Amino acid sequence: MTELKRLPTLPGVHLRNEIAKISHRLIELNHDRRLDKNVWDKVELARHPERPYTLDYIHHMFPGFIELRGDRCFADDPAIIGGLAAYMGRTIMVIGHQKGRDLAARARRNFGMPRPEGYRKAQRLMNLANKFGIPVLTLIDTAGAYPGVAAEERGQAAAISQSLLCMARLDVPTVAVIIGEGGSGGALALALADRVIMLENAIYSVISPESCAAILWKDAEEAHLAAQTLRLTSANLSELGAVDAVLPEPRGGAHRDHAAAASIIKQALEENLRELEAMHPQARKRQRLEKFRQMGVWSEGGLTLF
Amino acid sequence: MAQKVSVDISRRNGDTGFRGAESCPACKQLLSTEELEANYKVCPHCNYHFRIGAAERVAQLADRGTWNEIAASLRSADPLRFFDLRPYPDRIEEAEYDTGLPEAMIAGTCRIHKMDTVLAVMDFGFMGGSMGSVVGEKFWRAVDAAIETRYPLVVVCASGGARMQEGIISLLQMAKTTCAVEMLGEAAVPFVSVLTDPTTGGVMASFATLADVVIAEPGSLLCFSGPRVIEQTIKEKLPADFGRAEKNLDHGQIDMIVSRPELKDRLVQVLGMLEGGVACAIGPLWEEEKSSPGRRGALAEAIDRIKALANPSRRSPKK
Amino acid sequence: MTELKRLPTLPGVHLRNEIAKISHRLIELNHDRRLDKNVWDKVELARHPERPYTLDYIHHMFPGFIELRGDRCFADDPAIIGGLAAYMGRTIMVIGHQKGRDLAARARRNFGMPRPEGYRKAQRLMNLANKFGIPVLTLIDTAGAYPGVAAEERGQAAAISQSLLCMARLDVPTVAVIIGEGGSGGALALALADRVIMLENAIYSVISPESCAAILWKDAEEAHLAAQTLRLTSANLSELGAVDAVLPEPRGGAHRDHAAAASIIKQALEENLRELEAMHPQARKRQRLEKFRQMGVWSEGGLTLF
Amino acid sequence: MAQKVSVDISRRNGDTGFRGAESCPACKQLLSTEELEANYKVCPHCNYHFRIGAAERVAQLADRGTWNEIAASLRSADPLRFFDLRPYPDRIEEAEYDTGLPEAMIAGTCRIHKMDTVLAVMDFGFMGGSMGSVVGEKFWRAVDAAIETRYPLVVVCASGGARMQEGIISLLQMAKTTCAVEMLGEAAVPFVSVLTDPTTGGVMASFATLADVVIAEPGSLLCFSGPRVIEQTIKEKLPADFGRAEKNLDHGQIDMIVSRPELKDRLVQVLGMLEGGVACAIGPLWEEEKSSPGRRGALAEAIDRIKALANPSRRSPKK
């Protein structure tokens, strides 16, 4: 299935309908109203307090990392970290959510929930990378953008939309890796990338299972059912075509072996950059826009399209 | 691709559509339906803007008889086979029945005071104006139409955010619509958004705030996280003016607030201004006519010449 | 003198040295240590409470003006006004400082002293104009950028430098008119234009005469002398090559006849746009950068260059 | 155009240069000159950074024997024939005598840990590091050199702002240096600024804050309006940490704070990173070799090939 998707799309040959049919069959086969304990396990793994965070991956992957700070406007938001790193003979820009490991770090980093300044810093760094032809790697791990009055007043919505537009616009290759919690718009703001990759035990969802249960089931206790219904695991998302690839984690989960998890991401980054860097910047951008255009399932004149 | 709009307003029975009389939620004055409709569903006593549906909005903005709907046959699928207390298709069917609309957005070409425009309008009555695959695809097609025809794009927003029932696919509509905005920007076609009560969540954090000019209706709630979510986080009651258009204006998030009776006029003024740039039109002219003299010609003459040369290629459809 | 400067510079023909010589002779002739009452009169005229402000010019020149507000980041700064206007069959973007006519307006507009948000709004509007090929007119009238702690914390310096860079970068024609007080960096931030024009009774200075006197003469009472020494009148600045043209005001000063002052600016705008719009955008930008490169007087190997 | 630097450090007698011993203004410890110089003029007890002059800075950053000064013979003129309590030329002469420098900025090419660089350094001891025509022109020539050689530009800032004695011409140096930054940006040559105590006014509001990466020294005062001006406006005493580098870091205005002993290493790391982009180098490669295969080649191979093809044209001088 993933292989089918990975085939280069030749002009005039459209595999999308084939994929859609198979995809739907898979969904039907997989679909089960009974609670699948595995799904909630994934949610817990994705939020595991010892799971590697952005700084852990930076530590293992990029020893010479140079952090760059500030949005040049209002503040430096520690919930998003960004900077330059040397990687396989070239520079890359690494940007990611950082939840904070201990209590003090969590408070300082606002549990990885960015305020508008975080997204504006990310945009500044992505534009800097673009100026010098530096590819961008984003590491995504947030429960969501911070829901606070001051954050709203400083334009949380515009900060996210502009971050999306910034990523749509870049001429350089972009790779996003969902390493833990991919929570709603606050995660997507860093994930409009040429390649969106997900760790096996990460989750990526439009809303947290708890909030979804509270709204739709009127009962937060139904979070397990909501998680299953939202189809937020890496396997689900790969089936839905929402992510380009899923990376296996070390046995037991990434938290068992940070170094091994980092090395898995590093290899995937290498492969993806190899492909992306060989493309013309304009072609790469077209492909990115076209990829996101394909996101959606609807019927038109009776035909369901995917 | 284009067809006449087939919205049946009589079926609507949301909070904005019932007949007879109702009292203004703001000033409590009793208002007759005729009075209210004559004033664009705005309270003549206190300027309270009642929520209105997409069809009514189109009727208020488009010149009579000029609306040509596009992508009218798009319908939501159920990619997740989503089932909470009720299956997703049931909710869609109910929304269709309530609003007379096929989805939370309708799009089309029309004229606004004789100006050709691509217009997309959201309807909060259709599942809270939530954005799923169909809204995303309609937005993309509206952008496509705007690029092809070189008509400016106007989008009237009203949305509670992403449509949960489509899971990650609804979240990705934020990325999809943003990519469309980028294409529109590349083509330098003007884009104006009108934010109405309420515009929140994924719509607010994607195309709604990416327009060249952002207009809001008075009193509308405009935010990313809704008041209830924030109240749960900070365990405090928010003031009534949280996230309202007036606050957003002070905080630099929108360009202007326009009352509904003035909206049509104001839209045409803004679109006309955005279309009236001259200097960029010189670009292609110069490429072709680098040796052209005329540096000292009279201004009016030069402008006319430039416009005559440049505009046909800007305005005529590609095909 | 001004005519000499206005001659098109042909390749290989450099008039700068000639201009420098004449200019210096003029300066010597004009220079006088005695107090010239006319200079302080100009300072007072430039600050006259009934002098037309940006909104007055907009009122007389652009009846269909549409104000656009906000920096999309933190606030809308009423000390700077901006928006779209119809002008001679095309659109222009008008941006200017606004001091406020009565007490309430002055408080709201902070006496025309912008905070960083004002400059960020200006940049947003200039970039919008650039996208649609709309020429930019700036009207300059400020005692300076607001010196406050919060303004500093939100990056007053970067807001000004980025405004300058934004103006250096524009592809569209830009005309700046100093209509009243051109106070320091807060004024210059809107004046890096293809054409910088000054009203006869406006002033334009690196520092206010009062502050200059306090620093250099250790005596604020010497403001009149400082004003004269700073050479901040339109005649002085024209001689120094700091502005491209000076516009005469209605008899007695612009405050005597707002409409007539507006009509004088309108005509100058027409002439300048006519020339600028006939140039290729790239050539126009080159000319702009080159013009500002020429700003400066120094000696090199014994030769004084201007 | 290039010549050896002719700075005579022995004449300097500003607050940073006298011989013997001095006490740290921060922790009051008595420090010998040898101790202080061995530690880059940073207090070993409390990390207080003493102000240093431009020549000393060059000595700290440039590899020994690699400094080639450019635009060394530029001298200030007196366009306004400025005379306050003393004539402007007198002040310049005194500053020349005090600092041993011809102006408030020196510029040159040099190597920093073997990396070719264009380096410009300001000296607060020369009329408060104020920016007049010569500083502006030297900055422009440094930019010109950086564009021509494709060496990155490093500027160490220390300035009280514009040089009042040159009136409007000093103000216009902000515009002039900004135009230079724009040219450098067009050429995509990296630019790093180092802000030292104090960097304020017109320098802070022009090139200092326009660098690709902005580094600051600990404790340095960085602001547009100085504390005294603000205190006069608000009639209140400001806290001691107003405008300091650490505050600026929290407020998002600078990228990092680097202690002086680490500065040279850090500069090379940052410059190396900014020079290490690959993707932009693909641009011209693709223009010439559109049909080239190699999409599946090994990464290292591809990168090497790309770099080999792309870098010579990026790094070699134009002429």
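First chain written, first letter: the chains are A, B, C and D, and each begins at residue 1.
Assume a contact is a pair of C-beta atoms (placed from the backbone, for glycine too) under 8 Å apart; a residue touches a chain by one contact, two chains touch by 3 or more.
Predicted model, so just to flag it, every value in this text is computed and none were measured.
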Checklist entry - Which chain maximises the distance between its CA centroid and that of subunit A? => result C
Checklist entry - In whole angstrom, what separates the CA-based centres of subunit B and subunit C? => result 38
Next on the checklist: Using mean CA coordinates as chain centres, what's the gap between subunit B and subunit D in Å?
Outcome noted: 49
Checklist outcome for this item: Distance between the CA centroids of subunit A and subunit B (whole Å) is 28
Checklist entry - Which subunit B residues reach two or more other chains? => result 209, 251-253
Next on the checklist: Two or more other chains touching the same residue: where does that happen in subunit C?
Outcome noted: 72-74, 154-155, 158, 162
Checklist entry - Can you name every chain pair that touches? => result A-B, A-C, A-D, B-C, C-D
Item to check | Touch list for subunit A against partner subunit C, complex | outcome: 72-74, 116, 120, 154-155, 158, 162
Checklist entry - Within the complex, which stretch of subunit C touches subunit B? => result 64, 66-77, 84-86, 88-91, 117, 121, 128-129, 131-135, 171-173, 270-271, 273-275, 277-281
Item to check | Touching residues on subunit D, where the partner in the complex is subunit A | outcome: 185, 188, 190, 209, 212-213, 249-256, 266, 269-270, 272-283, 286, 290, 294-300, 302-304, 306-307
Item to check | In the complex with subunit A, residue positions of subunit B that touch it | outcome: 71, 73-77, 79-85, 132-134, 136-137, 140, 162, 164, 166-176, 178-183, 201-202, 204-210, 222-225, 229-230, 233-234, 238, 242-243, 247, 251-253
Item to check | In the complex with subunit D, residue positions of subunit C that touch it | outcome: 24, 27-28, 31, 33, 145, 147-149, 151-158, 160-162, 164-165, 168-169, 184-185, 188-189, 191-192, 204-207, 211-212, 215-218, 226, 229-232, 237, 240, 242, 288-289, 292-293, 295-301, 304, 306
